[in-house]
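In what follows, structures are represented as structure tokens.
Each of the next two complexes has chain A plus one more chain, namely chain B in the first and chain C in the second.
Up next, the complex of A and B:
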């Protein structure tokens, strides 16, 4: 059974990879199988997790007390009136409910997370003021003592020693103006300029010329720097997924699994070559 | 002599335990009825040797169950600005949040909670008289008041600007190149006799980006109807599919081409992410659309879709507020609407007063946010925390 599973896994992986060559029967088979299984699975899951768990079981346990679960069922059923042209207008009630509910839920949440929370986090002093309190001084002394102790225990700077040094420098940067403080202030300034200029880019009712144009240009520069960094980060993540898949193909291509990868690759190349020659004339005519 | 010694020991607070002042139990302010709060003033000489033990019961006479135990150095109201705001007096009062009792067999909630506070010192223990409160859902969630105020101001501005847009529909909207290119893409599809592929993203109808996407679909469908070209809308969500059908029907009818409307243009594929990608990629390779539009919210499938669309030679225009996927669309599409441009698109294309007014109101909102940021930065520079507290969200 394990060997059969390995052959299926390798086969389906190669079927999907074959799309890199072009649309072909192997890919079509893989695509149809994937869509069919996904649809069937989601249908069964919906039936059990929504209908059975949230309606049937609830009504079975306390039908008179929890009759209200039938209200969303009724709204959901209105969607099915689309199949009866004469009453299909009723489905709009369900859509109106869904869109109204969705907007009502989403707008306050977006305002909280994307505007108020962000504004709170951005409104920081652009220049750090040294903290002269006793507590801050104590914190610096404590961090210094920890660093000295770590240095005494380890003559070379290991990760643990470096961590204590960073903690000390971080604590010191709060009580006096150091390189770390300057770096932090520069970061705050960059965030401040970034937020302002990006907001300028998203002004639609103001013509982008003069100072607004300069600001919005700076804004798009900030956006592109972010997009570049994000692209690189995600692309690396995708490569690690590909490595995982290639390792699976390598593992299942061994003797323990009767060389499934090699055999299937050869078979697929053979079939695709045969199909290529068979359809060459047709494709040229098309 | 003995009396003097006892008085000294009591004053030092190390041996004797005394009951704190202001012990009170009340429903948790602004919550959904899930707890009550016990609070009291700190003792004059409390230190880490003093421990507070809070016990709860369903009746005044017990049995008592320990709910919380902590040293006097912690558990201050200032730790929970969500309930008590940022008043300076909060640093002088302790509190404990006590979760509501689950109703037992035959019991109906909410259940009254009796609370007793014990002060434990190394040598003695003192307890308060028990007090009770009943956890109840509150109508007003105080921590969200700032969001409510912002929504109200934004709402008023929107209504005002919609009225203004009705009086003068020629409100200025800056050029958005991606949207200008849509007209060109639809024209190209008509000339080539090939279909247009329109995708709504992977979110459901409760997502703002999907709502924006269906609004844009309405405008695209109007042009498709007037040019008598074909459009294909594979959907990830059955409800989105139904909405798309409605939107397209409306667009075809209002363009005077009801006969050209085909409900099967918008169809459901599957609601499995990569199953959907496999199917749409297959459709792209077989139908070779002349234009691919990707509007809405996308996840990891964005690059798979846009790269495949690119290989077919289609003009590709994308618009999403999914910041993690925007780089992929920017890299692989001809035009990309970044973030809020997606919301502006429908107003830009239709120039309907309601949408135009909302768009200008968004700009007003942004000016307000800029003002708040500027004031907030200046206030924090001047160490005026009050302004920052006004922006606090919980």
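Up next, the complex of A and C:
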């Protein structure tokens, strides 16, 4: 069974990769299979986790005491009335419930998380003031002691020693103005300029000319950096996925799995070549 | 020379696919062990958080990804779980993505077996529940009501570890490995900001820029980004795995893309200059 599974995994991986050559029956088969399996799997899980667990089992154990579980079922079923034009208006009740519940959940949460907390983090003082409290001083002393201890244990700066040094420098930067404080302030300034210039770029109530134009152009620069970072990360993500598949091909390509990768690659190349010659005449005529 | 660049701009893209395939396949079969892998501050922050928790702390690990993101997130999850079990923390796992159930089981089984962790005492797998936001909200008040049974069908109340955990705020840390939404942002918006627990996690490369804002604002502690982040975590737990092995291939693929972008730009500008001169 494991060997069959390995051959299926390798085969389907190669089917999907064959699209890089051109659209072909292998790819179409793999794609349809994926969509079908994903949908089927999700439906079965939903059936068991929602209907069986949340309704059927509950009613079986205590139908008279927990009859109310049928209420959400009834609301859900109202959605299906969309298919019957005469009573389709009933589905609005279900949508009203969904939208009301969804909005009630989402609006306060998103406002707090994505606006209030983010605004708080953006509106930091542009210049850090040294913290002269006793607690801060104690924290520096503690971090220094931890660093000294780590240094004494390992004379060369290993990762662990480096971590304690960084913690000490972090703590010290809060009680006096150091290079780390300056770096933090510079970051705060960059965030401040970035946020406001990008907001200005999307502010269309005044004409973008003079200083406003310069500021909005800075906003474009920040946007470009974000898009560049996103593109770079996307490329890295795709390479990771490619590597993941190559690793599967390598893992199942050995003798333990009867050289599935090598055999299937040869078979696929053979079939694709045969298909190419078979369809050449047709493609030329088309 | 100009003609060469014009031809280069019109090159069949399948040559690029072959080149890219080669730079990924060759180091996979013959590792080059390229130097330069170091833990970034964000990954170290995640490591330090788990490292500095007292032994036996309760950690909720949410597997919020599907097979498409497995190469990026599975190594992260495995490295973090290894660390948690090594530090003798108690792990409760679950997922918000239906297609992630099998992958969560695999990571949990492998790491718990290595650490000789006992199911029910040291770790529990609750499985998946539909509803994402509603699941987090329900867990905030009563986990046992939300997950009356674990993934294997056992009564959650009968598991020793779960008797110590009733609601989200009982956890010392929540870790989400997320390929999108529902994921880290959902856990922050509907979980940590409301029920006040510490949260950290890992995400795919595509999502790193949008999740980094939560680290900067202090809403989450550190962030493991993509396979590279997974490799950094493997380095910190001193257990090289799939992510570390993949760094050669990923690095070479990046070099190739950078080279192709440079060549493509040179070719574009030279061709444009020649066209301008000709007209």
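Here is the rule we go by: the second predicted complex is superposed on the first by the 251 of 286 C-alpha atoms of A that agree within 3 Å, B and C clash if a C-alpha of one lies under 4 Å from a C-alpha of the other, contacts with A are read in each partner's own complex, and residues count from 1 in each chain.
One rule holds for everything that comes next: contacts are C-beta pairs under 8 Å (C-beta built on N, C-alpha and C of every residue); 3 or more make two chains touch, one makes a residue touch a chain.
No experiment lies behind these values; they were computed from the predicted model shown.
Looking at the shared chain after the overlay, A:195 reaches chain B, while chain C stays out of its contact range.
In the superposition on chain A, A:230 makes contact with both chain B and chain C.
When both complexes are overlaid on chain A, the residue A:38 reaches chain B and chain C alike. Of the two partner chains, chain C is the only one that A:247 touches; chain B does not reach it. When the two complexes are overlaid on their common chain A, residue A:49 makes contact with chain C while staying clear of chain B. In the superposition on chain A, A:110 makes contact with both chain B and chain C.
More chain A residues lie in contact with B than with the other chain of the pair chain B and chain C.
By the touch criterion defined above, A:134 lies against neither chain B nor chain C after alignment on the C-alpha atoms of chain A. In the superposition on chain A, the residues of chain A contacting both chain B and chain C are 38, 41-42, 105-106, 110, 112-113, 117, 120, 226, 230, 234. Per the touch definition, chain A reaches chain C in the complex via residues 20-21, 38, 41-42, 45-46, 49-50, 53, 105-106, 109-110, 112-114, 117-118, 120-121, 159, 163, 166, 191, 226, 229-230, 233-237, 239-247, 250. Across the complex, chain C meets chain A through its residues 14, 17, 20-21, 24-25, 28-29, 38-39, 41, 44, 48, 68-72, 98-99, 101, 128-130, 133-134, 137, 148-149, 185, 188-190, 193-194, 204-206, 208-209, 213, 216-219, 225-228, 236, 242, 245-246, 249-250, 253-254, 257.
By the touch rule above, chain A contacts chain B in their complex via residues 16, 19, 22-23, 27-28, 30-31, 34-35, 37-39, 41-42, 79, 82, 91-92, 95, 98-99, 101-103, 105-108, 110-113, 115-117, 119-120, 122-127, 129, 192, 195-196, 199, 202-208, 223, 226-228, 230-231, 234, 238. Against chain A, in their complex, chain B makes its touches with residues 144, 146-147, 150-151, 171-174, 176, 204-208, 211, 239, 242-243, 245-246, 269-272, 274-276, 278-279, 281-282, 285-286, 303, 323-324, 326-328, 330-331, 338-341, 344, 348, 359-360, 362-363, 365-366, 369-370, 372-373, 375-377, 379-381, 383, 387-388, 391-393.
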